[in-house]
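In structure tokens below, several structures.
There are two complexes below, and they share subunit A, which is joined by subunit B in the first and by subunit C in the second.
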Partner chain A sequence: MVLIKFSVLVCMLGLFFGCLVFGPWYARLDVQAAVLLLVLLASLWRTTARETWGLVKFCIPFVLTLLAFGLLFHLFRLLGRDDWLRDSLIKALVFPSSLIFLKLLLTFVTYLDLLRLPIATARRVDLITFKAALSKGGRIMARFKWYLDTYPGSVAGQPRKGALLRKYACLIMALYLYLYDEIETSRRVMENRMRFLSRSTDGGALEDSHPLI
Partner chain B sequence: MRILKGSHTLRERRLKLTLSRDLELGERPVWLQLAGANGLGKTTFIEKILIPGLKGRKIPFLYLGQDFRTQVYTLKALLAVELKDRVADDMPGLLTQWVTHHRQAKVLILDEFDKYPAHAQHIFKISRDFIRTYVTVSHAEQPVSPGAPFDKRVLLFRPAAREGGLLRVGIEESGPWS
Partner chain C sequence: MRNVKIAFLALTAVVALTTLFVRIPLPSRGYFNFGDVAVVFSGLVLGSLGGRKGFIWGAAAGGIGSALADIMGGFGLFAPITLIAKGAEGALAAWAAGRTKMLHGVFLALGGGAMVAVYFIAETLMPNIGLQGALAELVPNLIQAGGGILGGRITYAAFSRLTGGESAAV
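Then we have the complex of A and B:
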């Protein structure tokens, strides 16, 4: 059953990218706008308004940068092209919809699915650890950002130039350090439980290994 | 800095914090303790009223939050980006680097940081010569103190009443703890 589920998810992903990102509908502005709207509605249905808004907020700087460069290139008719603005608009729609769609598909993958996957235990541990770290990382980002906004450099005495860049560098580094620790911890816990489970199902070893029995 | 008396409604926390008198900070060395039972909005007061007030007036401050084990990653990252030296591996070293790197700070806020008494003591020791106001939240019977010349003042959080789904909490200054 789990293999069917994964196959469906992979097919949906392939269809999405095959048709909308690398395929025939890529250049259709109306289709891309409709897809973004649909994906946003699906995200609202599947997750929460707060989570969906969080994803949109994450995309806004990239989208605005894309549009700004598109406009600039369009005005200067860079490389003789006059479709820069249209091209940027398409990318500004494709980027958030692909990201939200991917995130949406991942919400359908549960820890139980990963446990039931017929793959080597080591790979299963990797996947479970990766999923745990990703979900924790997503939640912790807002708190990290909040803390970084409280440090004196972000309040006064420091030049504004580069402050935003420095803040985001710190944010990425903090997230990396956090995930590194979390992955280490999750992996240790997982491996320990796996060892315990394999011992406890090994003909009466439970009595020897469980401290409460 | 002055926080004006009056009510602050924080719907997402279902709290209405009412300050009975204007709160004046920064004129002379002060150690302000926020006291009261759990859930009465001490941390909320810090994060939603005090810190935005300090930011608005561009008063540099340092804040160590209740979830310090989470915050510590941002401390390490910030020091790695801003310092030329290697970031310390041990906690006292890290705190020393962080505090001394931000000597422009005038206010230091510690939310339940004295759950690490030795670190709290250390922070007071290395920041005393440039911090003018300490704000602390503590549930310890004997909170770690910055010592002289900081005048101890206590801001007491007391539940008053329920008001349309909100818990009204009165905040008033009381005499020093015995």
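Then we have the complex of A and C:
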């Protein structure tokens, strides 16, 4: 089932990029404008207005720079071309729609889907420990940042760029040392559990009552 | 701190988390993303731990961690380019580990340069970004690369002092 889901997503991705980005409809301004509108509506339906607005906000400065560079190239007739402005206009439509479309597709992929993929047990253990490390790291990072902010050097006056760099260097180090210990411990626990389970399974018991995942 | 696989998993998570959550706004445009500092730091640590295969671990930690951050942050469009660009930066940082001072600097600079070059070439070739977009991204990427090398070296030096020669090159 998971493989079918992934195949459908890959096909949709291929179709979108094959037709609209690398394909025959790339230069069609009307099609690109309609697709952008559709993708925005789909994003509003699938996620939230706030999230969609966040993506649009991310695109605006980049789209404006694209247009500014396009205008500049057009004025200087760079490489002898005189279609820079039209080209930039197409890019200004295609860039946000491809970004939002991919984001939409990725919302359909869950962590459980990855675990259900036909992969080796060792890789599955890696995935589980990595996911655990990410969520633990995300939580602890805010606390580390708070601790570092209470350091007298940061509290007294505005921190300078150098002090900021040192502060975040400490954050990276603390995070690494913490996560290393956490992963080491959780791997040891999982390995023990697997060993226990395989012994129990050999004896014919506990197979279903102690699922690994 | 000697198990390279555990170090790899931890550093990949560190790269993803710092790319996503640690950002310093720049006066000119956008923000300085601390992910590059973590990529260089990961490369240096894994390069010293992983021996001959250190560059593979460095490339994987930098590439996968950063690409994952792109996907989780909603910019999945850049994930394949990021995988290659940050992977190259991580691999060259790993090669820099344990080298003489001059070679160390050369490899780190090459890593930063490779990252900027990969982004520039890939974005130029992408029809939805093109030369216009690639040029617009050039200066922020150069700042990113320079900051990453500086920050990565500072972090690794502090880490070496803290762990007191526990890993091979420390």
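The rule is short, and it goes like this: the second predicted complex is superposed on the first by the 120 of 213 C-alpha atoms of A that agree within 3 Å, B and C clash if a C-alpha of one lies under 4 Å from a C-alpha of the other, contacts with A are read in each partner's own complex, and residues count from 1 in each chain.
Criterion: a residue touches a chain if its C-beta (ideal position, glycine included) is under 8 Å from a C-beta of that chain, and two chains touch if they have at least 3 such contacts.
Keep in mind the model is a prediction, meaning the values are calculated, not measured.
K.L.:
Applying the document's definition of touch, where does A:Gly137 land relative to subunit B and subunit C: first, second, both, or neither?
P.N.:
In the superposition, A:Gly137 contacts subunit C only.
K.L.:
Tell me the contact category for A:Phe95 with respect to subunit B and subunit C: first, second, both or neither.
P.N.:
Touch status of A:Phe95: second partner only.
K.L.:
Does subunit B (first) or subunit C (second) touch A:Gly80, or do both, or does neither?
P.N.:
After superposing on A, A:Gly80 lies clear of both subunit B and subunit C.
K.L.:
Look at A:Pro118 in the shared chain and tell me whether it touches subunit B only, subunit C only, both, or neither; answer first, second, both or neither.
P.N.:
In the superposition, A:Pro118 touches no partner, neither subunit B nor subunit C.
K.L.:
If you count the residues of subunit A that each partner touches, which comes out higher, subunit B or subunit C?
P.N.:
Residues of subunit A touched, subunit B against subunit C: more for C.
K.L.:
Touch test for A:Arg166: subunit B only (first), subunit C only (second), both, or neither?
P.N.:
Once the two structures are laid over each other on A, A:Arg166 reaches both partners.
K.L.:
By the touch definition at the top of the document, which applies to A:Thr150: first (subunit B), second (subunit C), both, or neither?
P.N.:
first
K.L.:
Which residues form the common part of the subunit A surface touched by subunit B and by subunit C?
P.N.:
Shared contact residues on subunit A (touching subunit B in one complex, subunit C in the other): 166, 169-171, 173, 175, 177.
K.L.:
For subunit A, which residues are in contact with subunit C within the complex?
P.N.:
Against subunit C, the touching part of subunit A is residues 21-22, 26, 51, 54-55, 58, 61-62, 65-66, 68-70, 73, 84, 87-88, 91, 94-95, 98-99, 102-103, 105-106, 126, 129-130, 133-134, 137-138, 141, 164-166, 168-173, 175-177, 179-180, 182-184, 187.
K.L.:
Would you pull the subunit C residues touching subunit A in the complex into a rising list?
P.N.:
Those in contact with subunit A are residues 1, 3, 6-7, 9-14, 16-18, 21-22, 24, 29-30, 34, 37-38, 41, 45, 71, 74-77, 126-133, 135-136, 150-151, 154-155, 158-159, 162.
K.L.:
Taking the complex as given, what residues does subunit A use to touch subunit B?
P.N.:
Counting only subunit A, the residues touching subunit B are 140, 143-144, 147-153, 155-157, 166, 169-171, 173-175, 177-178, 181.
K.L.:
Could you please specify the touching residues of subunit B with respect to subunit A in the complex?
P.N.:
51, 54-55, 58-63, 65, 67, 70-71, 73-74, 76-78, 80-82, 102, 104-105
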